[in-house]
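Comments concern the structure below.
We call the chains A, B, C and D, going by the order they appear; numbering starts again at 1 in every chain.
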Amino acid sequence: MVKVGVVGGTGYTGVELLRLLAGHPEASLQCVTSRSEKGVLVSSLYPNLRGFVDIPFTEPSIETLSQCDVVFFATPNGVAMKSVPALLAAGVKVIDLAADFRLKDEAQWQQWYGMEHACPELLKEAVYGLPEVNREAIKQARLVACPGCYPTAVQLGFLPLLQNGLIDPQRLIADVKSGVSGAGRSAAVGSLLSEASENFKAYGVSGHRHLPEIQQGLQKATASPIALTFVPHLTPMIRGIHATLYGELLSNIDKTEHELHDLFVDAYRNEPFVDVLPPNVYPETRSVKGSNTCRIAVCRPQQGRQIVVLSVIDNLCKGAAGQAVQNMNLMLGFAEDAGLDRPPLLP
Amino acid sequence: MVKVGVVGGTGYTGVELLRLLAGHPEASLQCVTSRSEKGVLVSSLYPNLRGFVDIPFTEPSIETLSQCDVVFFATPNGVAMKSVPALLAAGVKVIDLAADFRLKDEAQWQQWYGMEHACPELLKEAVYGLPEVNREAIKQARLVACPGCYPTAVQLGFLPLLQNGLIDPQRLIADVKSGVSGAGRSAAVGSLLSEASENFKAYGVSGHRHLPEIQQGLQKATASPIALTFVPHLTPMIRGIHATLYGELLSNIDKTEHELHDLFVDAYRNEPFVDVLPPNVYPETRSVKGSNTCRIAVCRPQQGRQIVVLSVIDNLCKGAAGQAVQNMNLMLGFAEDAGLDRPPLLP
Amino acid sequence: MVKVGVVGGTGYTGVELLRLLAGHPEASLQCVTSRSEKGVLVSSLYPNLRGFVDIPFTEPSIETLSQCDVVFFATPNGVAMKSVPALLAAGVKVIDLAADFRLKDEAQWQQWYGMEHACPELLKEAVYGLPEVNREAIKQARLVACPGCYPTAVQLGFLPLLQNGLIDPQRLIADVKSGVSGAGRSAAVGSLLSEASENFKAYGVSGHRHLPEIQQGLQKATASPIALTFVPHLTPMIRGIHATLYGELLSNIDKTEHELHDLFVDAYRNEPFVDVLPPNVYPETRSVKGSNTCRIAVCRPQQGRQIVVLSVIDNLCKGAAGQAVQNMNLMLGFAEDAGLDRPPLLP
Amino acid sequence: MVKVGVVGGTGYTGVELLRLLAGHPEASLQCVTSRSEKGVLVSSLYPNLRGFVDIPFTEPSIETLSQCDVVFFATPNGVAMKSVPALLAAGVKVIDLAADFRLKDEAQWQQWYGMEHACPELLKEAVYGLPEVNREAIKQARLVACPGCYPTAVQLGFLPLLQNGLIDPQRLIADVKSGVSGAGRSAAVGSLLSEASENFKAYGVSGHRHLPEIQQGLQKATASPIALTFVPHLTPMIRGIHATLYGELLSNIDKTEHELHDLFVDAYRNEPFVDVLPPNVYPETRSVKGSNTCRIAVCRPQQGRQIVVLSVIDNLCKGAAGQAVQNMNLMLGFAEDAGLDRPPLLP
């Protein structure tokens, strides 16, 4: 059993991570830290963990964390970067679920996150933890930056089209819908049931922090410069992301919907957590609830020039904690689906 | 008081219509018909109407309906067309909330609705009941075809851009999200709470009946042939439609977001039921719950070439029954907002 | 038109009150005050009010409020009592939607609300604003204390049984379920959609502030001392309260379900806002959404000794703002249903 | 690996059973039968099972089912009883998730279920599958009748009080709230999202089929005749049951809340799936979502005579499929929590 530490386990990605680790055959949870909840039983904050996680939150300390083999950061942006250098120096592998190491460009990071980076020298070393793109690098990594939830759903949907040079990189549109848990467990008026239930709205149209992350990932798939319009929306449900992606077939390309489907099947043939649906079946977010799977369909409505890709994930799982565990499995040489092998919950 | 009849008042557009008529200062409800519920008190099916609508459903008959000044059809597609000629001949004004008279092209209608049209000669006469486009014609009409819910939200959002020749008519994308009440009150597995709650999905990507209706409406706004990609989605809430519309600025056009905002304000300056929001404010569906208002914002994210229009309505109100009452008000010379003058319900 | 002021219009009872006042034929809104939102347009916080309430929040001041004929307090507990004496002295009628004047006993008030009362001398004068009990006193009142949401639903359900001496006052059980808007618009973790949706729980079992208020009201209906068990629950919806009330028939009493139904019909025959449902019909909260109506059914399951009363209201309307307007109508001699005459919203 | 068959896998208890069996270390799924869906892939109906259950629905036949070691019936009431005698004769163990074998009294069964029983001779042999009451009998059983969802939550809450002679058996009240999945996956208007969402109501007050089942179970715990008032309610969520139980302390009994808590802790000390919460903590339904756990709290509000027990389960899991797997584990000598050992999903 490897020794696992979790920093910042009070948020939704934290509790989801603890749920998955509780069912992991190779992981032994050593500590869960939280400054604000120090001394409180984890299971008193999250009663679903009663009988599974029977330790209290403890004060985070490098000394304690250094005794772990791997440490997950499920903290707000800007927290992990303060401790990561010391942990790496102590030989601990680090998986960050926040955004601290997602962007390669330091200036861009500082612009979007509004603070100076504490260890910019690690931005290059950190491996972007999207296994479908970076599996081999992840296996070798000391430091993995887990992708954001939107970026996971959008990249997995667009990449086969861009990598095969089928669509115009200047005309990418990602219309994406997220459940409210994406906003976290902080007490914000906009996330109240009485505000967010029976309601649907767009937000962050003028610019969302996941935009540069998606751009960075898509740009790596094509030599031509990309232009992406990204509109996130808030959906009245707890979990789930549905990305509806629009790409225009390049003028010299003609692929039927059937051919596009086959291309996606090929692209993800060996991926344990990407499921390309049969033709004429569209994904629904509930089909991945509580699981690490991304389900995808590709359509060409009315044989027009617009290709539509539908991509769904559970934002807390493949969009956060599940992908983090998948990354741990790769880094430590476990079966890639260890602890991630149970079906989604439906209904 | 004008005498009003409602045919088919058992569905959601029916009960919404009855709710609005109950508060209308000029309308006196004469009859509500339903074959299946004949003899049953309307208010026993819809307890919100207790004390407001105290009559039973009756068998539909031309004779009874002919004594009304105006008759609404809130029936499934293909029902109204069987009775409309007789009612018009009897001097009754008719407002159809279904699709029987929405398309001008008979062949297209038969293709999308899968049946022969019973009175194709009336397709030309019927006025498409979008007051923001056809107000004067509606005032003179004997027969008004109320627009579908998706077409209302999409057309009001796209029209100012198309009418002013700003966007490429070949690259229109409408990503639209609807509450479940849009699927009606029929007992379908897909509309069960246990299926549709905590879930988000696209449907009808390969072709939805509202597609030709939207195409017909948008085409009238521009001389160039249009191409539209329309993807409807099911959202876990009862009421509301949110259209996210994408249009690419023509290469010779440059308008700032501010200029686009002013253009929308101008376009809808005199419209009682279109509300262009202030800059940087995005609409939310709950802000129009139970009301006939369409709220709109226009954005140009990152000063790119894609214009994004956000347009919300209550699918049962401005998308159906409210617009029907607005049309009645125009046809009969009442104040356009008679019976439609109360604020939306929030939260 | 009477001049109306609203103190503390930023919460849910505030926005509901503004919605109702916007449709009131006799009320002219003079000011809406909020310290925290001073200068902000009311309609920018509550977009449903765009076009209906076009004034900003202003700083509360006795001087401004004194120019109103009637002032509503939709403030947290403990706020109104600081200003009420001055307003009454200025000849303004006051309607408090909070708890400051609901209890007659000063010591009890201080015990449950955890502060000293600022004007205990007014506790006796204040009229408890349940029109079905106190209509005549309300008509004469300068100061009305609107009942809490739970107390409204529970009292209307129990009173006919207690007043007629049918049930054991020592064995009253009120199992009551509320939508989340009852917790208000403050940013509390427990009210987040991700916490309260897809969830049901009891709270405040050991003691809830509405308990002494209900006890006080029920005690007035019977000479014998009452004992009440009150268990509130949080339900995953925005609006609505459903009270399930249990009372044991006294051993010398035998009434059939039908006789009990008739007794309730008689009790509420002349009440514009209490609707006793037909036999074998149970109320549902959605049937009163956005309206001031309380719907009630009385049952005697399996001809046993337990009487079950089902009572539903909209917690924000008959449970708060609607009842406040009903009280204003009585105090000022308007039609009792002025501004409250539109059907509930369904679905 | 034991060979497992599932009859009637198209409903919600069916899909939940398949989900749990997919993660069971000792069970090998041989067949899933459905007349209506014969030939259809199970995973095309339930996409969460893609990659986990890759067989089609097949026609039910005794021959095929006889090759299984154990057969689950997740069928409508009245189906299992037609096949059970033949399966038992073939040496197959049977677990019925429906009501066919829950009641011991044939006449009562026929009265409540409205049909003749096909094999009344088995009513006596069938073991009522509530492991907390009948564990040893279940281990020896050929035929287990899984309890209904309401009866599970109610009995686990009331039994310690009745078995210890603390409360008046003539004054039992069970006010119980269920998620909509309890109504199954059949297309009924009342279960539509647009009807059941944002709504709360009681139903079946005059008599619900779970009433005699609960009475039978509670009566076994006490020598005195019991009288139970049972009011079920429909709650706007998918999964979860919350029972609020009221029992009056017998006049010669005085127990503090603390003593009552200890008594419950003792009663369930060795139960793997009953979790008595710490004092002053109330259960919430989401804390057991997707799990086989029942969480319970016992309260004595205001030191009165009414004891309040709060008991929550997942209606599809401990209330149906999870309890069925727990029974299988007991019948076949597996670890009692095999396949049931993962934490609930929260949020």
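Simple rule for what comes next: a residue touches a chain if its C-beta (ideal position, glycine included) is under 8 Å from a C-beta of that chain, and two chains touch if they have at least 3 such contacts.
Just so you know, these numbers come straight off a predicted model, no measurement behind them.
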| query | Which contact partners do chain A and chain C have in common? | reply | B, D
| said: Going by average Cα coordinates, which chain is farthest removed from chain D? | reply: B
| task | Let me have the rounded angstrom distance from the C-alpha centre of chain C over to the C-alpha centre of chain D, please. | result | 38
| With chain centres defined as C-alpha means, what is the inter-centre distance between chain A and chain D in Å? | 36
| said: Can you compute the centre-to-centre distance for chain B and chain D, using the mean CA position of each chain? Integer Å is fine. | reply: 45
| note | Residues of chain B that touch two or more other chains sit at 12, 179, 181, 194-195, 197-198, 236-239, 283-284, 286, 289, 347
| chain C residues within the chain A interface of the complex | 12, 179-181, 183, 185-189, 191-198, 236-238
| said: Taking the touch rule as given, give the residues of chain C at its contact with chain B in the complex, in rising order. | reply: 12, 15, 19, 22-23, 44, 46-52, 181, 197-198, 238-239, 275, 277-278, 281, 283-284, 286-291, 293, 295, 341-347
| request: Mind listing the chain A positions that touch chain B in their complex? | output: 171, 173, 175, 177, 179, 194-195, 197-203, 205-207, 211, 227, 229-231, 233, 235-240, 242, 244, 246, 248, 280, 282-286, 289, 299, 301-302, 304-306, 308, 310, 312, 347
